[in-house]
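What follows is a pair of complexes built around chain A, which joins chain B in one and chain C in the other.
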Partner chain A sequence: MESLSDTFWDVVISGTGLQQSLLALALSRSNKKILHIDKNDYYGHHEAALSLQEAESWVAAVQAHAKPGYSHASVTKPEGTTGLSFPRAYSLALAPQFIHARSALLQQLVSSGAYRQVEFVAVGSFFIFKPPQDASQKPTLARIPSTREDVFATTDIPAKAKRGLMKFLKFVLDYENSPQTELWQPDANIPLTEFLSKQFKMDNQLQTYITTLSLSLDGKITTKDGLTVIHRHLTSMGMYGPGFAAIYPKWGGLSEIAQVSCRAGAVGGAVYMLGNGVKTVDDYTSPIELRLHSGDIIKTRAFVEESDSIGVIGRPETTRLVAIIGSDLKALFETTIEGAPVPAVAIVAFPAGSISTADGKASEYPVYLSVHSSDTGECPKGQCVCYLTTLTPQESGPQDHLLTQALDSFLLSVSDDQVPQCLYKLSYTRSGGSDGDGERLFTIHFSLKPVTLSFDDSALENVRKAWKIVMCDEIMRDEAVDKDYMKFTDRQNAAEDDET
Partner chain B sequence: MAESGASHGIARTSRVRSEEQRQKDLERIQKYRTLEDQVRQRAADKQFDSETFQLTSKLLRLNPEYYTAWNVRRRCLISGLFSKLLPGSSCSKESSSTSPRDTTTACSEESSSASSIPTPGRPDCQTTGKSGTTADDDLELIKTELHFTIPLLLESPKCYWIWSYRLWVLNQAIERLERPVARRIWEEELGLAEKMLSKDHRNFHAWGYRRHVVAQLESDALGGGSMVEAEFAYTERMFRRDLSNFSAWHNRSRLIPRLLDERGATDAQRKAFLDKELNMIREALNVGPGDQSLWYYHQFLVLNLVTTAGKPTITPAFTLEERISYLTREIEEIKVLLEDYDEDVQLIYEALVDYTLYFSRLEERKPTEEEREDLVSWVAKLKELDPMRNGRWVDLERDQGLVELLPGH
Partner chain C sequence: MADSGNAPKPSSSVKLVLLGEAAVGKSSLVLRFVNNDFQENKEPTIGAAFLTQKCNLPTRTIKFEIWDTAGQERFASLAPMYYRNAQAALVVYDLTKPTSLIKAKHWVAELQRQASPGIVIALVGNKLDLTNDGAGSGGEGEGAGADGEGDARKVTTEEAKTYAEEEGLLFFETSAKTGYNVTEVFTAIANAIPETSLKTARGTGASHAAARSEEQRVNLNGARDPNAKEGCAC
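Now for the complex of A and B:
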């Protein structure tokens, strides 16, 4: 059997994160010699899903500064709580992004056939957290309406505001065309909130609803970017069934997609190795020479680096809190219309200022909470996993306390006579992501993407660019090859039903 | 497979056929013709037995629109496959429920050659078919027949003959089976109607079918009581799913008179009911002023105030003052919509015109000066928004004597 060094590889891919894995999927029918390695002993890298045991090793590695891009990691198990199941019963996602129905990622999963191996659950309602009016009352959650039927049903918005909201929804659905473009393009780069106030006379409450639908982490998303996300949300609504606009891969979010993609790569002949990374790179020669941690010296035509850069200066970090809750929080996952599937993900937004830190300071940025029921496969029945995310203001440092505060307030808002208990907490800070996807000749670099709540399709363009580099010979010979990107016909035995 | 003529929205493509394809088609046509001839011959010879029955299965799968074949099938069932009904003995089969079931090879789940092979007769059975089938066999037969229609319906969901046959089979259930058994079958049918509606919740055929099934379930023949409350709640679930659902709103309006009667609603309760419905439809119009289905329902409610003679109304006890006050309020509320909606307004103006004219009806008079000025401006708007129907608006001006108020007169 040939050793790794004997083979002249067409491409060595370092890291099994989502982008690298999608590249492996894209190349899985190409007959290229592919070596796909990951220095971790698990798949997924930045998009991995961790069991409790893996989470603890991961935290230890972060604390030992062995995970660039991550810091301030810790695990807490609150005293006196019971009910935490065995470690493998949990799959905590490092990248719990949901995917809008319209996303190009889903189209690629379908055309490549990989979707058959992924199970999806529906993302249901979006809520706004409302602090209590006075100390004697509980905080509440208000559902954000995003369809006409939602707006009809809500009792939270007065009639006139409803009319304004309907006009805005109608505007966004057609925002790419005239005369709508004349209205917003001059204001493309001002904050969406200003645009809403100026052109639609929206009050604060409605502005908050809309910015939440835009999933803006700093609350200051521009008109152009905001309209893009909201348009995607609205046009995704109902695409795969009534009552939902986005879906989420079971068993750990994007990690599932990475794993399925690697599996496809392996079936296509790629060689996989975990626990082995690239130590040194010499890409000033051709072929590129790599030295692995195992000692092997590899020659390859192209090399895809792992995405490990420290963040860009000035781009805020995000703090995340992953909490396991000992209750199924059923009320959050109710279907509101006939025929809709039971959702397994609910989103709660805490607008800036709606919660305060321990020293009384009001939150500067919104906090987003994604609640996952056991239907996501991430925890046992009767429990939930909560993922809280917020930007870290530069001067303040990690926002663990704020996120804990948000979690506690949330649990209070959904409590009846008992407040649901938190059984486990994992918190960490992640850099704001790096810039500069790029290539030096045949060395391809995927940047670390900033944290977002929904999957951002722009990551896919870089995967395609990388694919073109690896396939450059074939494309030069026959341009038609490019059109078949991620379009595969079934292998002989893939005759399963087409139901997702 | 024969091309069904009853599917909407599926384009017929003309195929360019290869010689091989053409040969295959000729063979298929030959097979079909042979099958058809067999069935017709046997029917002409009055051979309504299980072999004919199986032939109709094949024929109908190729061409479900061949209604004669459905009739032949019915006759096979009545002539021997079903147990014989004693005169006046429907729904009274006490003994059959005690006789042990004979194993038959007939009760296959596959719809293909579904026929119940008659079992050896049991002389002590009260009802026996030609070859001794019992009521339990009838149940199985009915179930298999219903099952047989399903793939045909999936392929040709609007083929009247399939639906007609299905209804006939369901009626056989009423005639031949014990009441609770028959009822269960019809309840399952309601489930099917609901599935159809959830696939296409604006399919008015499905709504009509649902009404029929509900009517049967409510009838004495199935020992039923009124389902009006459940049906009323169902219409609400449907329009909450999609406001723009003519059938749901229409069904709702049809249920109201009976609903209020059965509730034994007092005048106060009727007023409260009307208030609630008006509030709800106004909320709907507030988010969907361009939606005609909503205006139809609103008009239905408003006409309740205006029409007095003969028809059952929601609030028969309203005085003239009350009616005028309600009508005035509705018009005011509609005007508020114009504050924000500068598009989608045609139906708003139409409603304003219609409802203003209702005053005249109520008070048996002609429109006042003020009303006429309003009407002129609204009709002018309508001419602007809907120039294609200019003739209609011009007629309206003339009929209401508005011409003299137009500029230039």
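Now for the complex of A and C:
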């Protein structure tokens, strides 16, 4: 086999995170000479899904400061618990984002044909955590109604408030058009909660319902952004089947999409190497010269690097807790509409102030909990994986305690006679990340993205930009090339007799 | 072998991964199975690295989703995804090349370490057409080797078979070129997959029929008009 150094590469892609991998997918029919490497010995980088064994080495690497962007990582196995299966039975996602049905990512997976190698499960209900009125009671979960039928059926909301909520749902569905625009545009930049109270006379409870659907990590989303997200949620509802607005890739979330994309890259002839990163870059020359950890010196026209930059100063870090629960928590995964698939993901929001920190202060930011059933393939049957996320307030440390508190309260709220056991915990802090990707001539740079609960399409635009840089000659010759971005016909045999 | 399109039988998907040293004929075996086709001097695999083929058994239909390595084995960079949730593996060696059996044994060990515990593994010695026995074509291949007499066999049936028995693998000698024993391999794998794993290994795993697991999957092809204004909320 010819050596890496003998080839003049069209592009070297460093890192197999989602953006890099999607770029590999986009270039998979280009006949470019592509070398795709990752310094890790697994695929996915920031979007990886880890077995328990891998999770432990990952934690060790974070502790050794070898994973820029991450800190305060630890694994704990609560004593006296039993039932944890073998390490490979688990797949803990570093990026457990769900994907709204309207996301452009799904359109690209379909037009490129890559979706056939991914299995998707449905994201079901959204719940709000309600603390008990007094200490003798259990906390409860209230399901957020997000369709008209739902609102109609719920017993949690008084009749008068229902009318307000109905009115709001109708408004959001058509919020981009007049006369709705006149109602919200003057208030575009005030917090959504204020707008809801001002224009729709919503009480705190309803405001919380709505801000939860907006998935705002700080709970302070603006009217404009909030309406956009809620509109996306409502219009995504039912798109791929009744009763759900978002889906989740089975076996580890975005990691699976990264891997499928890399596979498409490999099928297209790209060369893949794990455990080999870029040591030094000289991109002031043409071609760009790279020295790999393996010692190989590589010449390439374009270079895509992963940035380990720590994020924007002042943007809050997030604390995350991943917990394996020894119960299937079945009640969370019920279908609410006939004919709907059984959901595998449920979301629980703990509004700001609904739980307390170690020193007794009410929580400053909401806590979000995604519960994944064994149908996600992330844990064995009879268990669940919980992903808890919250922002870390400025000047305070990681919120492990708060998240543990949230988890315990949640488990209490779903308990019958027995409180489900937590079998395993992985906690870590992630830096705030940066929205900014960049490029300099033929070097393209993908940064660590801010944590979001649902996949943010903005990452896709920069992948396309990168693709254009690599494909500039072709696009210059024929502008139509640009229009066919991510649109591929099936390779021979790939998909006959599908969907029968 | 392929679809006969009779009355609907329960149908399940089985993910099958294909492993083995370069140039042992992995893709050729699959091409023979899927297309009943053979290409002399096939280029190393790029292109059709994901193929599907149905296998009709008396009581059920198995749809194989066949994952070829797509050249990712070159730098040992196969995705964990590649093995994960695979219910079957085809480990191929070239029976004219002893080192390829050693490599095959590595793959078997790797599968036993990394793949799902219940995975069905078939060990397949390919290029039987280059030997004097079986295959019906008596060593017409140009690569028939320096041994004269057209018999290029370097790995005895006995040796590979003994190893396969020790490890609990299905074992076949095939010729992708003549088609000898190829469908037999896939039928044997289909038969060896326990019914229970069909219900549980993919999709929901609820105690209902296998068909339900397909229901659980969200089908992205079924999207409504993406420009539709209304989702469903009203």
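Here, the second predicted complex is superposed on the first by the 493 of 500 C-alpha atoms of A that agree within 3 Å, B and C clash if a C-alpha of one lies under 4 Å from a C-alpha of the other, contacts with A are read in each partner's own complex, and residues count from 1 in each chain.
Please note the rule applied: contacts are C-beta pairs under 8 Å (C-beta built on N, C-alpha and C of every residue); 3 or more make two chains touch, one makes a residue touch a chain.
Because the structure is predicted, anything quoted here is derived from the model rather than measured.
Engineer: So, A:P242: does it touch chain B (first), chain C (second), both, or neither?
Structural biologist: Both: A:P242 reaches chain B and chain C.
Engineer: Does chain B (first) or chain C (second) touch A:D408, or do both, or does neither?
Structural biologist: Neither partner.
Engineer: If we overlay the two complexes on their shared chain A, which of chain B and chain C does A:D482 touch? Say first, second, both or neither.
Structural biologist: neither
Engineer: For A:R148, select first, second, both or neither according to whether it touches chain B, chain C, the two together, or no partner.
Structural biologist: both
Engineer: Go through the superposed model and pick first if A:K162 touches only chain B, second if only chain C, both, or neither.
Structural biologist: Only chain B; A:K162 stays clear of chain C.
Engineer: Between chain C and chain B, which one touches more residues of chain A when both complexes sit on the common chain A?
Structural biologist: C
Engineer: Given the touch rule stated above, what does A:E338 touch, chain B (first), chain C (second), both, or neither?
Structural biologist: In the superposition, A:E338 contacts chain B only.
Engineer: In the superposed arrangement, which partner chain does A:D473 touch: chain B (first), chain C (second), both, or neither?
Structural biologist: In the superposed model, A:D473 contacts neither chain B nor chain C.
Engineer: Which chain A residues are contacted by chain C in one complex and by chain B in the other?
Structural biologist: Touching chain B and chain C on chain A: residues 148, 242.
Engineer: Chain B touches which residues of chain A in the complex?
Structural biologist: For chain A paired with chain B, touching residues are 148-149, 151-153, 159-160, 162-164, 166-167, 242, 336-339.
Engineer: Which positions of chain B touch chain A when the two form their complex?
Structural biologist: Listed in rising order, the residues are 198, 201, 237-238, 240-243, 283-284, 286-288, 336-337, 339-341.
Engineer: Going by the contact rule at the top, pick out the chain A residues touching chain C in the complex.
Structural biologist: The contact residues of chain A facing chain C are 1, 42-43, 51, 88, 91, 101-102, 106-107, 109-110, 115-117, 119-122, 146-148, 169-170, 173-174, 234-242, 244-245, 247, 251, 255-256, 259-260, 262-263, 266-269, 271-274, 276, 341-342, 344, 374-375, 377, 381, 491-499.
Engineer: Note which residues of chain C are touching chain A in the complex, please.
Structural biologist: Chain C residues touching chain A: 3, 34-35, 46-52, 54, 63, 70-72, 74-77, 79-82, 84-85, 114, 200, 202-206, 215-224, 226, 229-234.
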